[in-house]
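Below, each structure is written out as structure tokens.
Shared chain: subunit A. Partners: subunit B in the first complex, subunit C in the second.
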Partner chain A sequence: MAEEGVGALLRGKLPDAVLTVEPFDGTLGRVTFAPSHALEVFRAVRDDLGFAHLSFVGGIDWVAEREVVYLLWSDERKAYLLLSTRLDAKDAHVESATPLWPSANWHEREAWEMVDITFDHHPDLRHLLMPDGYAFHPLLRSFKLHEPEELEVKTRRV
Partner chain B sequence: MSTPATPVVAAAPAVPAIPPSPTEPAITEPGVPFVEIEGLRSQQFIPAAKEALLSLLAEQGQGKVIRPVFNWAGRNSLFPLHWGLACCAIEFASAFGARWDAERFGVVPRSSPRQCDLLIVNGTVTWKVAHKLITLYEQMPEPKWVIAMGNCATGGGPFRTAYSVVPGVDKLVPVDVYIAGCPPRPEALLDGILKLEELIRERRE
Partner chain C sequence: MWINMGPQHPMTHGLWNLRVKIDGEIVRDIDPEMGYLHRGIEKISEDRHYNEIITLMDRTCYVAGIAWEHLYIQAAEKALHVVPPERTLYLRVLVEEMQRLASHIMWYAAFVQDLGLMSPFLYGMRDRDLLLDHFQSFTGGRLTYEYMRVGGVRNDLPPGTTDRIRKTMDWLMDRFAEYDRLCLGSQIFRTRCDDLGVLKAKDCVTYGVTGPMLRAAGVKRDLRKDRPYAAYDRLEFDIALADTADVTARYLVRMEEMRQSVRIIRQVVDWLDHHPGPVMAANVPRWLGAPYAPIGHEGYLLKRHYSKGVGLSAIEEPHGEATAYVVNEGGEHPYRVKFRSPVFVNLSAAKSYLVGYHVADIPPIMGSVDVCVGEVDR
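Moving on, here comes the complex of A and B:
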């Protein structure tokens, strides 16, 4: 099957970047990569492997580290590819995918405001769902449910 | 050859003049000239009427004459802002439909805050939309009232501890009437509007 070759192709092209390749289950494959080689992986996946459509970017908080997940679709291969990378929680930043896939723009803004992952070279990294000046990252596990009086939110733009 | 044109239409018979009635005087010359009437009005009657009104006001107090008239007019023409936020807006809409027909109380939703004196907050207010609610409230002319419709607008409802929801719109604007329910039925909304009319009836300021 052609889908089985994707991980091997990527590993052969970027041996340092690709960490693990999980076998394809149906049409979904999963590849984890090192965050320092993010841009090379993005270019290889889009230009050489033909995954032209980025449908989702999300962030996960695993307390000690944070994970960024990219869901890609290839019309030529008729297959999904799940890219993921793990970042240190103390300094969670990764290269932005927006210059390559413009659809990543709002997804990365949401991942930044919800789980505090900084996307380098993002063109417009500001709040998406919360007002400007919101001081919390509410989907972090350290964010507790609270009585509303403890939450001070600026309601007016300054 | 040519013959003078003969008139086709005969001349109309002359209308007999109505003789003046012996009981009514003929309107030939006014008894009092118009200028004189105007002068009399501006010099005598208007100051007299003004003095009478001022003495009445001083005697009765302004709150007993002017204020009830304003309150009566205001409470019978409450114009709420046509602004739907969540599922309470469905009940809000049906309250103005054929079955409940809130217009019989003079309540007509308007689309511009400049034409409104009642802000019905019907739904969950998030922090993202909070400054827009304040802007709409500030755009309404005085005097103005606010109804918090439903549990979300009253105190946050089931989303009270959520990170993105304002726990009650009284954090943002002064609220006059709270309506409980999730969502409240149109009868409850009408009851809240009537309660607000009672408030306006008692207004003294």
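Moving on, here comes the complex of A and C:
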């Protein structure tokens, strides 16, 4: 399979959904898609292209936008495919991949609590690593870690 | 009725809570509660220089620290456009396979002890110590190694190490036969493991289960073979497989994997003996404090702003498929680091292999998953 073969195949199938196809080191390519067409893309990738294994779903905060990255593996092609979609930070939501790949379940819960991305129709969107009711999203850029406090050591003069 | 198994329970091997809904002795539903060991490693990484994150990687999975270093370092090197020298690739395979042995032996010791067999635990810990001695001789650490560097590894092997490793491998091969006699020949072991926790191949793929659990169901997927990294494409080994998909099958797969690891290590030490060379790429610092070095010092280079890049790496960690995604936006620190822990996903599928079995079956089944909470919670 050529480097951008899978991406081109996907673009041919869903011309409205696929925005860009570019080579990405170590994978068959990186396909960016419009979040409104997420479900069609997932179906095409899983059922038509044979990427049965979803490795992870990860959220990235780009301040004005939030990116969701999906890494998929195909046993037939023995290769990865990277999917990516960009959401408006003010209303970051995308269709959940969990109904198609149950392995996305915990990854999406984590992305929801860490990067504040809502996954529509997720069966069980609640806190995973943080306690229930935790009001912050630690992996947002606006969540700053404290600087190490300087300890002032006063020695008494003899 | 819901009961808690954890966060303090001999079955958990780490801090997490398995909530179990029971009907008499039968498990009807489960709900794992994670987060007790969450340290925010992905967040802390955003405030660390590339080489400083190696320290965090050892704490990610505390029984397979060097495998996680390998995972991270490959992604970081891709993001920073650094190419390590060839000898480094073999050294990394060597330590990863030794770590796989140490991790599997640790699993064996803990798992069999859960079943009530005490002596295998002592034998396992004894044999794992031999591997830790080797690690100590060239990394200085027995659990947290800080051995890998962006662009290579910290140091080469001291003289005579390869011969000592060969001796240990011979010793271990004899011990594996002993392990099998202790377990597979034991009626207690077989009664508590056969036909338990069955997760068939189709369900494994659906739930994203990887590693020995997947191969125990007969699916031939191993990233060392399917998507070779480091020097694995130049080494001969077989993928360990079983087909019954139960706890015994996972035991058999791990045992066979250890034998294959020994096979790999023997090839690697032979190669290392005949191919001396540098272990660091030129102009890349090897010490952890390097980013703070003054201008002009060799250590200054990591402070230089590398051109942007995104690095993705995937390795077959002792527990399964681990991936790292490192985004370099040109600063001194990575913009975002994302890790995929194999146990995280294997555990999220727990409902599919626990429901329907007895409460007393939970310890052997969860033992066969080889839970390492450090890498689940990160």
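Some notes on this structure:
Definition applied: the second predicted complex is superposed on the first by the 137 of 158 C-alpha atoms of A that agree within 3 Å, B and C clash if a C-alpha of one lies under 4 Å from a C-alpha of the other, contacts with A are read in each partner's own complex, and residues count from 1 in each chain.
Quick note on the criterion: contacts are C-beta pairs under 8 Å (C-beta built on N, C-alpha and C of every residue); 3 or more make two chains touch, one makes a residue touch a chain.
On a predicted model such as this, the values are computed, not experimentally measured, just so you know.
Looking at the shared chain after the overlay, A:L145 reaches both subunit B and subunit C. In the superposed model, A:F56 lies in contact with subunit C only, and not with subunit B.
In the superposition on chain A, contact of A:M130 is made with both subunit B and subunit C. Of the two partner chains placed around the shared chain by superposition, subunit C is the only one that A:N105 touches, whereas subunit B remains out of contact.
In the superposition on chain A, A:A79 makes contact with subunit C only, not with subunit B. Touch criterion met: A:L71 reaches subunit C, while subunit B stays clear of it. When the two complexes are superposed, the chain touching more residues of subunit A, out of subunit B and subunit C, is C. Note: residues 129-131, 138, 143, 145 of subunit A belong to the subunit B contact set and to the subunit C contact set alike, using the contact criterion stated above. Considering their complex, residues 129-131, 134, 136, 138, 143, 145-149, 151, 153, 155-157 of subunit A touch subunit B. Those residues of subunit B whose C-beta lies close enough to touch subunit A in the complex are 127-128, 130-131, 134, 156, 160-161, 163-164, 166-167, 172. Of all residues in subunit A, only 24-27, 52-56, 58, 60-61, 69, 71, 73, 75, 78-80, 82, 101-107, 114, 127-131, 138-139, 143, 145 touch subunit C in the complex they form. Those residues of subunit C lying in contact with subunit A across their complex are 34-35, 38, 40, 42-44, 47, 78, 205-210, 219, 221, 226-227, 310-314, 321, 323, 325, 327, 335-336, 338, 340, 344-345, 348-349, 377.
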